Amino acid sequence: MFAHNKRLQYTVRVAAPNPGLANLLLEQFGGPQGELAAACRYFTQAVSEDDPGRKDMLFDIATEELSHLEVIGSIVAMLNKGAKGQLAEAVEQEAELYRSLTGGGNDSHITALLYGGGPALTNSAGVPWSAAYIDTIGEPTADLRSNIAAEARAKIVYERLINVTDDPGIREALGFLMTREIAHQKSFEKALHSIQPNFPQGKLPGDPKFTNVYYDLSKGDDARGPWNEGGDWEFVAKPEPAVDGGDGTASVNVPENDLEVLKAMAGRTASDTSVDPTTGADLGSGQATSVK
Amino acid sequence: MFAHNKRLQYTVRVAAPNPGLANLLLEQFGGPQGELAAACRYFTQAVSEDDPGRKDMLFDIATEELSHLEVIGSIVAMLNKGAKGQLAEAVEQEAELYRSLTGGGNDSHITALLYGGGPALTNSAGVPWSAAYIDTIGEPTADLRSNIAAEARAKIVYERLINVTDDPGIREALGFLMTREIAHQKSFEKALHSIQPNFPQGKLPGDPKFTNVYYDLSKGDDARGPWNEGGDWEFVAKPEPAVDGGDGTASVNVPENDLEVLKAMAGRTASDTSVDPTTGADLGSGQATSVK
Amino acid sequence: MFAHNKRLQYTVRVAAPNPGLANLLLEQFGGPQGELAAACRYFTQAVSEDDPGRKDMLFDIATEELSHLEVIGSIVAMLNKGAKGQLAEAVEQEAELYRSLTGGGNDSHITALLYGGGPALTNSAGVPWSAAYIDTIGEPTADLRSNIAAEARAKIVYERLINVTDDPGIREALGFLMTREIAHQKSFEKALHSIQPNFPQGKLPGDPKFTNVYYDLSKGDDARGPWNEGGDWEFVAKPEPAVDGGDGTASVNVPENDLEVLKAMAGRTASDTSVDPTTGADLGSGQATSVK
Amino acid sequence: MFAHNKRLQYTVRVAAPNPGLANLLLEQFGGPQGELAAACRYFTQAVSEDDPGRKDMLFDIATEELSHLEVIGSIVAMLNKGAKGQLAEAVEQEAELYRSLTGGGNDSHITALLYGGGPALTNSAGVPWSAAYIDTIGEPTADLRSNIAAEARAKIVYERLINVTDDPGIREALGFLMTREIAHQKSFEKALHSIQPNFPQGKLPGDPKFTNVYYDLSKGDDARGPWNEGGDWEFVAKPEPAVDGGDGTASVNVPENDLEVLKAMAGRTASDTSVDPTTGADLGSGQATSVK
Amino acid sequence: MFAHNKRLQYTVRVAAPNPGLANLLLEQFGGPQGELAAACRYFTQAVSEDDPGRKDMLFDIATEELSHLEVIGSIVAMLNKGAKGQLAEAVEQEAELYRSLTGGGNDSHITALLYGGGPALTNSAGVPWSAAYIDTIGEPTADLRSNIAAEARAKIVYERLINVTDDPGIREALGFLMTREIAHQKSFEKALHSIQPNFPQGKLPGDPKFTNVYYDLSKGDDARGPWNEGGDWEFVAKPEPAVDGGDGTASVNVPENDLEVLKAMAGRTASDTSVDPTTGADLGSGQATSVK
Amino acid sequence: MFAHNKRLQYTVRVAAPNPGLANLLLEQFGGPQGELAAACRYFTQAVSEDDPGRKDMLFDIATEELSHLEVIGSIVAMLNKGAKGQLAEAVEQEAELYRSLTGGGNDSHITALLYGGGPALTNSAGVPWSAAYIDTIGEPTADLRSNIAAEARAKIVYERLINVTDDPGIREALGFLMTREIAHQKSFEKALHSIQPNFPQGKLPGDPKFTNVYYDLSKGDDARGPWNEGGDWEFVAKPEPAVDGGDGTASVNVPENDLEVLKAMAGRTASDTSVDPTTGADLGSGQATSVK
């Protein structure tokens, strides 16, 4: 069960309203690498996790991400404070409101018109948050790797947002949020490697014929590195189909009665390659007479 | 530039049509952990990558994933071979067709009705593939971690699909595809760690006050492990807002003229807590007279 | 800031695993009327609300909805407990696993294959949760009405789920969750009507010429009721365009230089109605000679 | 069956083209609170409604909303009239076209490039309209509340659009559309309350132990009001799990043979908390030797 | 402006309720090739069309498609008539309701649970309708081709639905709807070819060096036909990059000050290919010591 | 199986970085009419096609579209080259970065912040690519028409992009890509008409009573043309329901036991039209006393 304290995890001090910046910050509120995604990711993993240590860690971090969602949402709300009032109350200055809505140079208009200045669960382009952003699959050795990667991405997006802000209070709060992603990433790394072995993930081993093979399928400016040479890598310079030694075709044993049907379909839709038919494009480009 | 050879990377031998299984396999064709997602992920990274080694590797693997997409799509096409013909040609046996469409116990009906038995870029629930599945952000130390996690997930989904199939030809082909995810994962790991340092990602360091802190925000059945004890972890057993030492509120300096507007809005929408108003729920539950 | 207690708000006692039922219950986990939608709806309103009473209420209820999300997710996890293990560990009984995945008669296969039996933020058809479900617009007199309606819908979906379950522990927990929607709906009603006036919403009054007019635009089986007769309703039996008394056309003053361009476009794309052109359909239906 | 009259329900007089404003108005064409959503919402309810009075009302209003969709679409078309021609015909002034496409300060570029200046079924951020916006669930006492809320939201969005426009013809037409939302809202209110009782919705009563309880889950700046005090409210100041008196855990009776499997899975994925494993983060941050 | 007559364009006589069939029919209600898509497609084109003949035709057909939407929705409502009542009223027979919801073998459960048996704007897999299905771009010679193709697809989906139905009343109504797609397709063909020339679409001619070239990029089982031989086709058997005669690279002139920055970025993220780094996969597979 | 050559199909020479233009070009990278959609469309058709000629053609063109995707992606990468570096490395000039992110007048900010300057699979409004854009249904006579229309649309979008660019290298490359759409369209036209007959698509003929009927459903400014007069058109000037001669109602034979249930539901939700109930709107507008 959750509880809430109206004091934020980190104090938010915004120098002045700025709807354009508010819109950019939505990236970490309702964007793919944002805090709702993080909270949902860890919360759903926690609910179905059976290992007590990982379950505890996932709930701890999910709860913190919810608290981060509140911090970033509060910054957005502060940055939109003026715009919210103007839109709701001012009815005498349309031209100016229009300019402020369309002059921000980004998508802040959607926040204003559709969401009234409130923090919306969209990214900075106005795309609604989607659970398609969450890649949890229910196997801890895979999910922990997904979590590590998610924290890495969130860290970078925070860094970019810090780079476009000169409001010291916002930079400080974003710096805190960015730092916590680093800490979470470290926890997930430790949790991953306390499961041994954790690679390859799952139970089925790979087929040894193909586990250490590297197919050089893109030609020109080829490069070698530890990802395709050294160790136990087998580098296949000219990969040819089919690598299993078969003929590379696809086949299926179709029941007798279906064969008839398939033959009928093939006949009905057969291409007659012996004629050069007049086409709609011919009709439209003056290469055929168009009046019957 | 791409070229294509009509022979598949791996020979596909399907024992018998099975639209229900075809539908499950769509998970790796148009699903979030499937081959289109993999190919798009690495291809878009390759296009914008400047490092020649990583660019080469990304194009090599992207090209292989496209070839895998073709293999899994070919299996789906073979499994649907009979259904495709029946739906297109048979017009005399509606009841039986209805049963075959709705008796598969999963979503194969959508493949049949909407896609005519062809492999569709949806997952096994019929949800269209979305680029929201791709989490590339344009920073190699983050993207390589995302790639490692993506391969880990794909490996597991293949393992699950193998577990529900007893067609030996399909199992063999799926085994090949699963194995290649392992190989790709190894390549991405090597590529990640040939960039040093690669943690934390990006340029901005974390704030040392918060980098090694673990907040114990979920109570009950608490557990300790290397993710929150040992090393340089500082374990905060009772986290209190605000961790920066401030009062945990959010504030913004609003321009003078906006203050008036905000006050007007507050007045207009103020809650009067001194009365217990009759409500629509009262009207609807017989707790208020409902005839004027 | 949020905190978490690993004890649930309501104790969950599931009689036996049932992946098919688990899938149906996802409707209230990641579906449009489910608990994530509720929690996000009230949380985002709370963050931008300035009125202290409403802010407090919105945070109280948002926090409870998060706790409900945990309850429903825990039921789903219990119902999938067996399936999760079977899929992860059993590699010898493919045919049976296939039957259990496709025999449930609904979309439980997607939960298993893609999410490994964990509670996924999708509805019961496998559609990922979307913030498009949230209709908050940042004006309390509208948002409270939206909240009232949302609780009404959630109450009904819980009622339907109770109607398809005979597991007493699940029925009891769902009954609790359903009841809480009723309580929340009552709170939102009270909060709405403590703002006076709250209708029409916003500042701009309606145009009195059209506020009380009812246009009878659908003919046949016409019916009258308090929604179109009595009170101050003006019933327009034969609505004709344009109701403003104008000619019902759309016009715009286009700058001189654009007129030239528009004339050029009109000329280029003009339809010549004086001929009966041969078409691609003619070519395809044997009504025109098809060999040049 | 529908019929159409090419005269609009309300005459549209646009002073001058303005693609930026056209883009903002898309909010009520293809946005979540727009006229397509309204028309689809009431039309689908009408089709399945059995009560003759409500069915008539729903068809009346659905038909009017389609007519509104035409009005708002016609305004958008007029505002884009110049842009449409320029893009289609002018091939000599690329720099100017580029400026006009990117200088509007909002998303009008997408309307131009992708839709050629026609009214597109997207919101003002370019997000395609989605039936996920429609919250109809097929129970009239819930759906009417949803309709009331939908009209309330649409009224506000029209008010905001009026506030950013100074073209008198557009303001007049938007004023008409806004007013009609008020009239529709009144009809839906009357229809709701002519069903008695209508609260709680549906057949199942709430559990009296929890119907009048208010849980104070968010602490700090607590406030009281008619939503949590007075009447029959029971205010729980310190809610503790589990409110049913149980232990707040989740349990399920797992069949014997599944227990074995679950134990195997637990063993395979167990965390070893006795070691502090080296991790990928250690490798990447120089805290471990990285050459084998 | 629209008007409505409660009599359907085509009389609907359903032999018996069948929620499973209702679900399949949703394909033409809220599916990609369904009637809402058709109506929206032609309506939005009509609104922005300036040519009076095409505008009239588009409104005529859009209005008919709305009437078709009503016919197909009414069939769905009839097929769900029993289910709707059972779910709303029956509270004593949970096991049976569960069986009926999950025994249909397709996604009818979502219609019941979430939409209460009403016709929902989803396809037969439960995916909400999206304006992404509409491909109108605002150029009549392209849009008419899109309309022709859309009618062709709708005709086929109706044919498939007829093939799985043996209810004579439904077959008759679907036969009517299918036939009308044929008639509309013919109208759009005539409208397309009364614009001359209509190919290539738009104003810019193709580059004659590449207009008639066919690149044979897929090898194996090559075939020739009128699409790549005869006429003015130039068949390039071995296409090599770059076809413009250049070196096939991508280049850009980067400003001086950016070069410094790019060099810094390259340095920071450079791969060191001279070492074979230990990786997380090594740590996880026992190929590296994992205890510090 | 695919192979890749790192030389592009067409050499890309970009004069100078321009993130705003890069953003517009995304329309043909990850937009609905773009190259990924084209490649996926033809590739999936190729995989399930049985006719050797069409299969070969579809693979040839799919492979070329992948190569086009690479060309357009490379242009985007070049145009973003400077922005990518600035965002990743520059940490001292926040105000300037903010201006460059928000001053572009379109959605380039999302490319920068979320994707780090890499080419993302979104359209120019930031909407992620969706397989909902693909309208393949698995019947060649329909799919070829869809392909023809898709090429027509892509040609126009390229023309528009050329019209807003004055960079000669980009114009040349876009001109090549536009031209290839023309060539592909011609191939698909030839392939369509080498199947005879190809209209109407599929096997079921239309009902001759309705195949040649045109319903004049939109009144005012009526126009005649070959799409509704001449040939075998039957023009119905006053279409009346129901066109089958029936009464235009919808009916279903409901089983006896369901009738009871439906009657109960009707009773429970009946509207009482004999009273004028007080409503929430009355309570909110001061038309009813609001204190109990």
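Residue numbering begins at 1 within each chain, and the chains themselves are lettered A, B, C, D, E and F in the order written.
As a convention for this text, contacts are C-beta pairs under 8 Å (C-beta built on N, C-alpha and C of every residue); 3 or more make two chains touch, one makes a residue touch a chain.
Model, not experiment: these values are computed from the prediction.
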Chains touching both chain B and chain D: A, C, E, F
Among the other chains, which touch chain B and chain E together? A, C, D, F
Which chain pair is joined by more contacting C-beta pairs, A-F or A-E? A-F
At the interface of chain A with chain C, does the proportion of residue numbers present on both copies reach over half, so same, or stay under half, so different? same
Let me have the rounded angstrom distance from the C-alpha centre of chain C over to the C-alpha centre of chain F, please. 23
Calculate how many whole Å lie between the centre of chain C and the centre of chain D, each centre taken as the average of the chain's C-alpha atoms. 7
Shared interface positions of chain B, touching two or more other chains: 1-9, 32-33, 53, 55-56, 59-60, 62-63, 67, 74, 77, 84, 88-91, 104-105, 107, 114, 116, 122, 125-128, 130, 132, 137, 139, 141, 145, 148, 156-157, 162, 185-186, 189-194, 196, 199-200, 202-204, 217-218, 221, 223-226, 239, 241-242, 248, 262, 265, 268, 271, 273, 275-283, 290
Report the topology of the inter-chain touch graph, choosing from line, ring, star, complete and other. complete
Would you tell me which residues of chain A are touching chain E in their complex? 141, 145, 189, 192-193, 196-200, 223-226, 230-231, 271, 273, 275-277, 280-281, 283-286, 290
Which stretch or stretches of chain D touch chain E in the complex? 1-9, 30, 36, 40, 43-45, 47-48, 55-56, 59-60, 62-63, 66-67, 69-70, 73-74, 76-77, 80, 84, 88-89, 91, 114-122, 128-132, 134, 136-139, 202-204, 275-280, 282-283, 288-292
If we count contacts the way the header does, which residues on chain F are in touch with chain E in the complex? 5-17, 32-33, 52-53, 55-57, 59-60, 62-64, 67, 74-75, 77-79, 81-82, 84-86, 88-90, 130, 132-133, 135, 137, 139, 141-142, 145-146, 148-150, 152-153, 155-157, 159, 162, 172, 175-176, 178-180, 182-183, 185-188, 190-191, 194, 199-204, 206-207, 209-218, 221-228, 239, 241-244, 246-255, 258, 261-262, 264-265, 268
If you look only at chain E, which of its residues touch chain B in the complex? 20-21, 24, 27, 31-33, 104-107, 123-127, 156-157, 160-166, 217-221, 239, 241-242, 248, 262, 265-266, 268-273, 275-282
Mind pulling up the chain D residues that touch chain F in the complex? 1-7, 50-51, 53-54, 87, 90-91, 94-95, 97-98, 101-105, 107, 109-110, 112-114, 116, 122, 125-128, 139-141, 148, 185-186, 189-196, 203
